[in-house]
Amino acid sequence: MMKKILRRFRPHTRFSTKAGMSPGTLMRLEELDDDTITCYFTSYSKKHFDQTKEVKLNECTDILNTKGVGWLEVEGLSNTDALIALSEILKIHPLVIEDIQNTEHGPKFEGFEDYIFILIKSVCYDSEKKEANFNQWGFILMENLVVSFVESKEDLFSSVKKRLENPNGRMRNQGPDALLHTLLDIIVDNYFIAIEKLGDELERIEDDVLDDSDESIVREIHQYKRELVYLRRSLWPLRDVVRKMTFSDDDLLTKNTRLYWQDLQDHIIQVIDLLELYRDMISNVHDLSLSIISNRMNQVMKVLTIFATIFIPLTFIAGIYGMNFDFMPELRWKWGYFGIWGVFIAVTIGMIIYFKRKKWF
Amino acid sequence: MMKKILRRFRPHTRFSTKAGMSPGTLMRLEELDDDTITCYFTSYSKKHFDQTKEVKLNECTDILNTKGVGWLEVEGLSNTDALIALSEILKIHPLVIEDIQNTEHGPKFEGFEDYIFILIKSVCYDSEKKEANFNQWGFILMENLVVSFVESKEDLFSSVKKRLENPNGRMRNQGPDALLHTLLDIIVDNYFIAIEKLGDELERIEDDVLDDSDESIVREIHQYKRELVYLRRSLWPLRDVVRKMTFSDDDLLTKNTRLYWQDLQDHIIQVIDLLELYRDMISNVHDLSLSIISNRMNQVMKVLTIFATIFIPLTFIAGIYGMNFDFMPELRWKWGYFGIWGVFIAVTIGMIIYFKRKKWF
Amino acid sequence: MMKKILRRFRPHTRFSTKAGMSPGTLMRLEELDDDTITCYFTSYSKKHFDQTKEVKLNECTDILNTKGVGWLEVEGLSNTDALIALSEILKIHPLVIEDIQNTEHGPKFEGFEDYIFILIKSVCYDSEKKEANFNQWGFILMENLVVSFVESKEDLFSSVKKRLENPNGRMRNQGPDALLHTLLDIIVDNYFIAIEKLGDELERIEDDVLDDSDESIVREIHQYKRELVYLRRSLWPLRDVVRKMTFSDDDLLTKNTRLYWQDLQDHIIQVIDLLELYRDMISNVHDLSLSIISNRMNQVMKVLTIFATIFIPLTFIAGIYGMNFDFMPELRWKWGYFGIWGVFIAVTIGMIIYFKRKKWF
Amino acid sequence: MMKKILRRFRPHTRFSTKAGMSPGTLMRLEELDDDTITCYFTSYSKKHFDQTKEVKLNECTDILNTKGVGWLEVEGLSNTDALIALSEILKIHPLVIEDIQNTEHGPKFEGFEDYIFILIKSVCYDSEKKEANFNQWGFILMENLVVSFVESKEDLFSSVKKRLENPNGRMRNQGPDALLHTLLDIIVDNYFIAIEKLGDELERIEDDVLDDSDESIVREIHQYKRELVYLRRSLWPLRDVVRKMTFSDDDLLTKNTRLYWQDLQDHIIQVIDLLELYRDMISNVHDLSLSIISNRMNQVMKVLTIFATIFIPLTFIAGIYGMNFDFMPELRWKWGYFGIWGVFIAVTIGMIIYFKRKKWF
Amino acid sequence: MMKKILRRFRPHTRFSTKAGMSPGTLMRLEELDDDTITCYFTSYSKKHFDQTKEVKLNECTDILNTKGVGWLEVEGLSNTDALIALSEILKIHPLVIEDIQNTEHGPKFEGFEDYIFILIKSVCYDSEKKEANFNQWGFILMENLVVSFVESKEDLFSSVKKRLENPNGRMRNQGPDALLHTLLDIIVDNYFIAIEKLGDELERIEDDVLDDSDESIVREIHQYKRELVYLRRSLWPLRDVVRKMTFSDDDLLTKNTRLYWQDLQDHIIQVIDLLELYRDMISNVHDLSLSIISNRMNQVMKVLTIFATIFIPLTFIAGIYGMNFDFMPELRWKWGYFGIWGVFIAVTIGMIIYFKRKKWF
C-alpha cells in the first residue's frame, strides 16, 4: 500500500541515475514503454472556435502565430526529445521542461520575460482505496497562448471546451489569462471534492471509534493522517503560488482577472483551513480511539481479575477441608458440609458488596 | 453527533456538483425546499425613523436613493436568482454573492470601490447539546446603506432596532458605519456568551475529573476540544478582519468610529485569548483525567493482585496436607490442624506486614 | 478549587446580560453590595507634599489644576455612575472606563491625545492555597497627574508614599511619568516574588517526585501547570505593553525615564524567561513522575507475579499427590513425603535462579 | 553505533584543547597520521583544457595568473601550516581556513571583497549501515578560479571533468561561477539519492510494522529518526545559503547563472520538503508501531486471562468435592462423578458464551 | 539536587526583600559574609605592558586616564557601596550596576553614549555531578578600557594575559574592542567544551539505553534534559547579543574587529545548533528508553503469564482426581495414574505448540 503511495510522489527520473549530469540536461527515460507525446490544439476568439484536434510536433511551429487565443494540451512527459523540440519552438527555457518532467516537484510560479510558468498538482480522492491521487500539471501562459502539460490523460477540462464552444460565453471575449484561471479554478474545485470525501471519511471514522474501536481503526486513522500529510504538502505551497499571481504585475495577467485570482486564492485558503481542521479533528479522534481501546481493555482485565479474586479464597477454603489431618473437628460435624457452603456464599456476597462499594465494577 | 457538527461547517453547495463550472456561476440549490428570500428595510436619520418592513425585490430598486441611513436585512440565501437580481440593483460583484452563499467560507474583509464587504460568523453555544452553532452573516457597507445577509433568521439585532427608535440615541446622528459597528459588536458579544458557557463547562468537567473519572469523561473532553477547534477556526481570521477594518483608510469608515473598531478588535483578542487559555486548560485536564483513570485502574489491579498473592501460598500449604502420602507425620499430630491454622494466620500477617513496609498498599 | 480560579479571571459584568447593549454603555452592577468608590489624593512637588487624603467626587473637579504632580487613587470599580462622572471631570473616553471595569481584560497600553492609558495585573502568589491571585490596575498618565484604578484595596504602594514624603527623594523632582514608572516597577517586582515562590514550589515538587510519587503529586503538578498558564497569560502581553511605552514618542513620557522603562522591560522579559524555564521544568518533572509511578507499579506487579509464578508449579505438584488413584507408587514410599519437600525446595530454588539470571528481579 | 554517528559531526579539533587560544589560531592536529595535503589543478577555456594534475604548494603561486578558468582541488585539511601558506598565496582570510577545517561547521555563504566563500556538506546514505555519511566541502570562488577543499577524497566530480574535456561543452564557454554551480548541483543531486534511499527504507519499515512488529522495529525507527535529524541539520541552513547566492549582487556571480542558482534553490527546497514529509511519515509510523505492539500484547494477555478465568471456577468445584467432610451426599450419588463432569462442561460453555457475547475474544 | 540547580539561577538579591524599593536602588546584601571586592588592573600598548596588580578603589580614579589600553577586572559583586563608588568613577549608569549584580539576568547588550555594556554567562560542565555551572560576566567597553565584572573568581583568562605579555602579539597593536572580543571568544569556546562533554554524555546514555535500561536511566535522561534547558536559556539570547554587536555602528567597535564578531556569532549559532541537535537526540533516546523498558516489562509479564497458564489446566486435572466421589472409575484403573501423567505431558506440549504457533513466545 505504502509503495504505491510513495510512488505517487516519486519523479520518473530516479535521481540516482541522474546525479552528476549537467543541470538542464534532460534524459530519455528507459523504463517507460510508451514514448508518445500527444498534443491537442484549440483556438478561439470572439468570432471563431477551432475544434480541439490532435496535432503533430512539426505542425506546432506556427502555433505562436495563431489568431485569437490558443490552447495547446500536451499529454505525456516521457519523450524528452520531443519536449525539448517543443520548448525550442515555444522559446521556453530548458529548465522549465525539466521542472515539468519532474513530477515530484512542488507547486511553483515563475515569471519569465515572455511567459509565465505554473506547476500545480490536481488531486483525486479514491474513496475505495482511501488514497488521494495526484497528477501534476504544468501551465505556460504566453501572450495569446496557454500550454498545459500533463503526464497521464485526465478528463478534467472537458467542461471548459463545452463552454468555449458557446459563442456567447464570457471566455470567448477574454484573453488567455481567463482561460488559465478557469483551468486552475477547476483544479482547485477538485481539491474541495477531495476535502469533502475526506470529511465524510472522518465522520465515518469517528462514528466507528465511538461505536466499536478495534485494532483496524488504528490503521485507518494512520492512513487518514498520511493522506492529510500528502494533501498538505501539495496545498501549502499552492497558496504562495496563487498569492504571487494575484500580486504579480506581469502584463500577461490583465487587471480584469485580478479579482478572480483573489477569489481563487480565497478558495485555496479555505481548502487549507479545512485540511488543518481535519488534522486537528483526526488527532483528537486518534487520542479518543486510544483512550477507548485502553478503557475497554482495562474493563475486561478488571472484570476478569475481580472474578478470579472472588474464587481465590473459596478455593483456599475448599483446600483447607481437603487436608487429611486426623483431627479436624469440622469434618465430623453433621452440618459441616452445608455450613461450608454457607461460608462460600457469605464470602462471595461479602466480596461483591466490598467491590461494589469501592466502585470497582 | 459528528455528522451534525461537520454539517454545520458544510456549504450548501456540494462542490462535487459544482466543480467544472465557470467561477462566479451561481447555482440554484435543488435540495432546499423553501426558495423564498425575505427582505426587511429600515431607514433612519436624525429626524425620521421608518419602521422595519418586509420589502419585495422589485421595491428594492430605489433603496440606494433612500434618505438618511438605510439598513436592508436579507434572510435566506438559497434563491440564487433573487440574490443575483439584488446584486445587480446594488451593483455588487457576483463573486461577493458567491462568498455570501458559501456558508462554509471563513471570516473575510474586502474593500471595493463603492462598498465594503464583510463575512463573519455569529456563534451560539447550546449548553444542552454541548455544541457551538454558527450562523454566517454577510455585511455590505455602502455610502448610506448597510445590507446584512443571513441564511436562517436569528433574533440577534432586535435590541438595535429599539435603540434606533429612540430619537435621542447616539446612532441616529451617525452614519452607516456606526450601525455596522453596532451589529458586529453584538456578534462579538455573543462570542463572549459562548466563551462563558464554555468556561462553566470546563469547570464542570474538571470537577468531574477530580471527583469521579470514568470513560464518559474522556468523550466529554473530546467533544469539548472539538468545539474549541471549531471556535478557534471561526475566530482567528476574525482578528485579522477587524484589524484590517481598524487600519483601513476607506472613506466609508469615518474617523469617529475608529476608536470603536479598535475596541472591537480588543474584544476579539480577549475572546481568542480566553479560548487559548481554555485550550491549555482542557489539555491539562485531559492529561489529569488520563492519569487519574490509569491510577485508579492500577490501584484496583494492585489491591487485587496483592489479595491474590496472599492466598497463593496458603492454598499451596493446604494442598500439601491434602496429599495422600502414607507417611506424613504432621497429619497424625494432635494439634496439627490447629497448628496449620496458626501457619495460615502467620503467613497472612507476615505478608501484609511485608507489603505494608514496601508501601505497596 | 477550579471555580475560584476561573472566577479570578471572570469580569464582574457577565457578558450574557450585557450583549446587545450599545458599546461604551456602562452598567450598574447589581450583584455587588458595596457601591462605594473611595478616592485618595496626594500631590507633591519639589517644595510641597500634601498627605494622602480621602476625597469625594465633587472635590475632584479641580484636581486637574493641582500644582506639582498629583496622584489620584481610585478604589472600587463597581459604581459605574461615579466612574462616568469622574471620567467626565478628567475628560477620559468612556471606553477607557469600560476597559478598567472589565477586570477580565488583558494588559493594554493606549496613547490618547491628552493622556496615556495602561491596564496591568498585579499578582500575589498564595503559597498555602498554591494559587496566584490577580488584581487589575488601570493607570491614567496626564500632564501633571497619575490616576490609578483598582477594584479591591491592596497595600502595594505604601512604600512609594513614604519615599515621596522624603523632601530629598529623587521622585520629588520628577514628573508624573517617574511616579507611574515607580508604581509599575513595584507591580513587576511583585511578579518576581511570585516567581520565586513558584521556584520554591517547583523544587519541592521535584523532590517529592524523586522521593515518593503517589497520585496526589499528579494533582499538584496539574495545579502548578495551571498557575503557570495563568501567569503566562498575564505576562506575555505585558511585554508588549512596556515595549510600546519604551518606544513611545509621547510627550508625556520624558526622555529621562526612557532608560527606566527599558529596565522595566528587561525585568518583564526576565520574569517571562523564568516562567518559560519553569514550564519546561515542570513538564520534564511531569514526565519523570509518570515514569516513576509507572515503574513503581510495574515493579510491584512484577514481584507479585514472580511470587505467584513460583507457587503455581508447587501447588500443581501438591495437587498431583492429592489425587486418589488406587495405584500411586510414590504415596507408598517411606520417604515420599520428604522427597516431595525436596522437590518443592528444588523447584523454588531453580525458578529463583532462573529469574535472577534473566534479571527479572 | 552512536559513537560513530556523533563522530561524524565532530570537528577534528576538540575544542577542549583549543579554548583559550587566540581566535584565528590554527593548530596542528596531532591525532591524524597523514599530514599530507594533495592538490589537483585543472584549467580550461574555450580553446584549451589542461588535464588535472597533482600540484605542490610551491607551484600554486602562479595559480591566480592562470589563463581561462582554473579549478584547484585541495584534499586533506589536517596540515594547518600548508593551508595557511595556501591562504596567503590566494589572499584568503585565515578565519575562512579555520571554518574549512572545522568539519563540524554548518553550511555557510560569505561574500568577501575579492572572493566568495561557501561551506556545504555532501551526503552519502549507506543503505547497509543505515547511516547518512557527511563530507564537508569548502568552495572559494574567485575571479577566474574555483578552489574546492575537502577532508577525505570522494569521487564526486569525475563526471564534471569528463564534461570539461568536451570542447563543445557548455561550461567551456562559461566562467568559474558556472563551474561552481555545477559542483554544488552535483552535491544537491546526491541529497536526492540519499532521500530516495530513505524513502525506500521508510517503505520497508512501514511494511515491517504492518506485518510483524517486534522490539527491533522500535530501534530501527529510532535510528531512522536520528538520520533524519542529521539530514535536516545539514539541509535547513543550506536553503539559506543558496537563497543568499541567488539574490547576491556580487560581480563574481554573473547574470547568466542566476536562473541556475534559482533552480538549485528549488531543488534544495524540494529535498527539505521530502525530508519534512518523511519526518511526518516516520512519526505516524512510530505511533502506529506502538499501537500495534501494544494491541498485540493486550491481545495475548486478554486471551491468557480469559483462559485462566475459565479454569478458576472449575478448579474450585473440583476442590469442593476434594473436601473430606463425613457427610457430603453428592459423593455418594451413583452418577455424582459424571454429574460433576456435566457441571464442568456447562460452566465452561456458559463462560465462553458470556465472553463471546461481551466480545471479549 | 534540584535545589542547587535552581540556586545556580537565582539572583543573590531575593526580590521578596527588594520589591517596593526605588528602581536603581542597590542594597547591601546581608546574607553574604565576604563583602570584599577585588580589582586587578592591566594596561598595555604597543610599547608597554603593565603587569596585572591588585588595585584599591581609591586608586581607580585615574584609570580612565591610563595610557594605551586598560583592563580592569572586578571580582566580587556583593559590596554594593563599592560598586556604586566605582560606577561613579567610571561614569556608568547605576542601572548597569544593578544588572551586573543580578546574577539571574540573561545575556544583554546595550550601547550607551560613552560605553557599551555586555552581560554574558560563562559555562562549565561538571562531568561528575552532571551539572552545567554558570558564572555571569559583565563587560564594559570604553574608549581605552575594558572592565570585567564577575561574582566568583574563575581562572578563565590567564591565557589572555600570557598573550598580552608577548610584545609581538597581535592584540598589543589593537584597541580594547579586540581585547573584549578575545574575552568573549574564550567564553564561547567554553560553551563548546561543555557541549562536547554533553555529547559524550549523550553517547553514554544512548549506549546504556540500548544495553540495559532500568529506572535510573530515566532519571539520568531527566537530568540531561534539564541541563539542556538551562544551556538553551543562556545561549538563545546570546545569539541576539552578538548579532547586535556585529551590526552595531558604535564607534567603540572598530571595523577591524567586525569580521571577528561575525566569526563569534557563527560559533554561537553552531553551539545552539548542536544544542538543538542534542535536544532532538535526547528526546528520541527518551522515547526509545520508554519503549525498551515497556517492552522488557511486557516480555517478563508475558512469559510469566504463559507459564502460569500452562499450569492452570494441569492443576485442574489433578483437582478432578483429588475428588472423593465414591464412583470414579478412572481411579480404579491400573494405569490410571500413569495415564494422568500422560495427559499432563500432552496438555503441556499441546499448549506450548499452540503458543509457539501464535508467536506468543
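Labels A, B, C, D and E are assigned to the chains in the order they are written; within every chain, residues are numbered from 1.
Operating definition for what follows: a contact is a pair of C-beta atoms (placed from the backbone, for glycine too) under 8 Å apart; a residue touches a chain by one contact, two chains touch by 3 or more.
Only a predicted model underlies this, so the values are computations on that prediction, with no experimental measurement involved.
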Fewest touch steps from chain C to chain D? 2
Chain B to chain D: how many Å between their CA centres? 43
Chain C and chain E, separation of their C-alpha mean positions in angstrom: 27
Multi-partner residues of chain E (at least 2 other chains): 301, 305, 308, 312, 315, 319, 322-324, 328
Are the chains arranged, by touching, as a line, ring, star, complete graph, or other? ring
How do the chains line up around the ring if the path leaves chain D toward chain E? D, E, C, B, A
Which chain A residues qualify as touching chain B in the complex? 159-160, 163, 169-171, 181-182, 185-186, 189-190, 192-193, 195-196, 199, 202-203, 206-207, 210, 259-260, 263-264, 266, 269-270, 273-274, 277, 280-281, 284-285, 287-288, 291-292, 295, 298-299, 301-302, 305-306, 308-309, 312-313, 315-316, 319-320, 322-329, 358, 360
Given the complex with chain B, which residues does chain C contribute to the contact? 1-3, 6, 9-10, 14-16, 18-24, 93, 95, 98-99, 104-106, 108, 215, 218-219, 222, 225-226, 229-230, 233, 286, 290, 293, 297, 300-301, 304-305, 307-308, 311-312, 314-315, 318-319, 321-324, 328, 330-332, 334, 336-337, 340
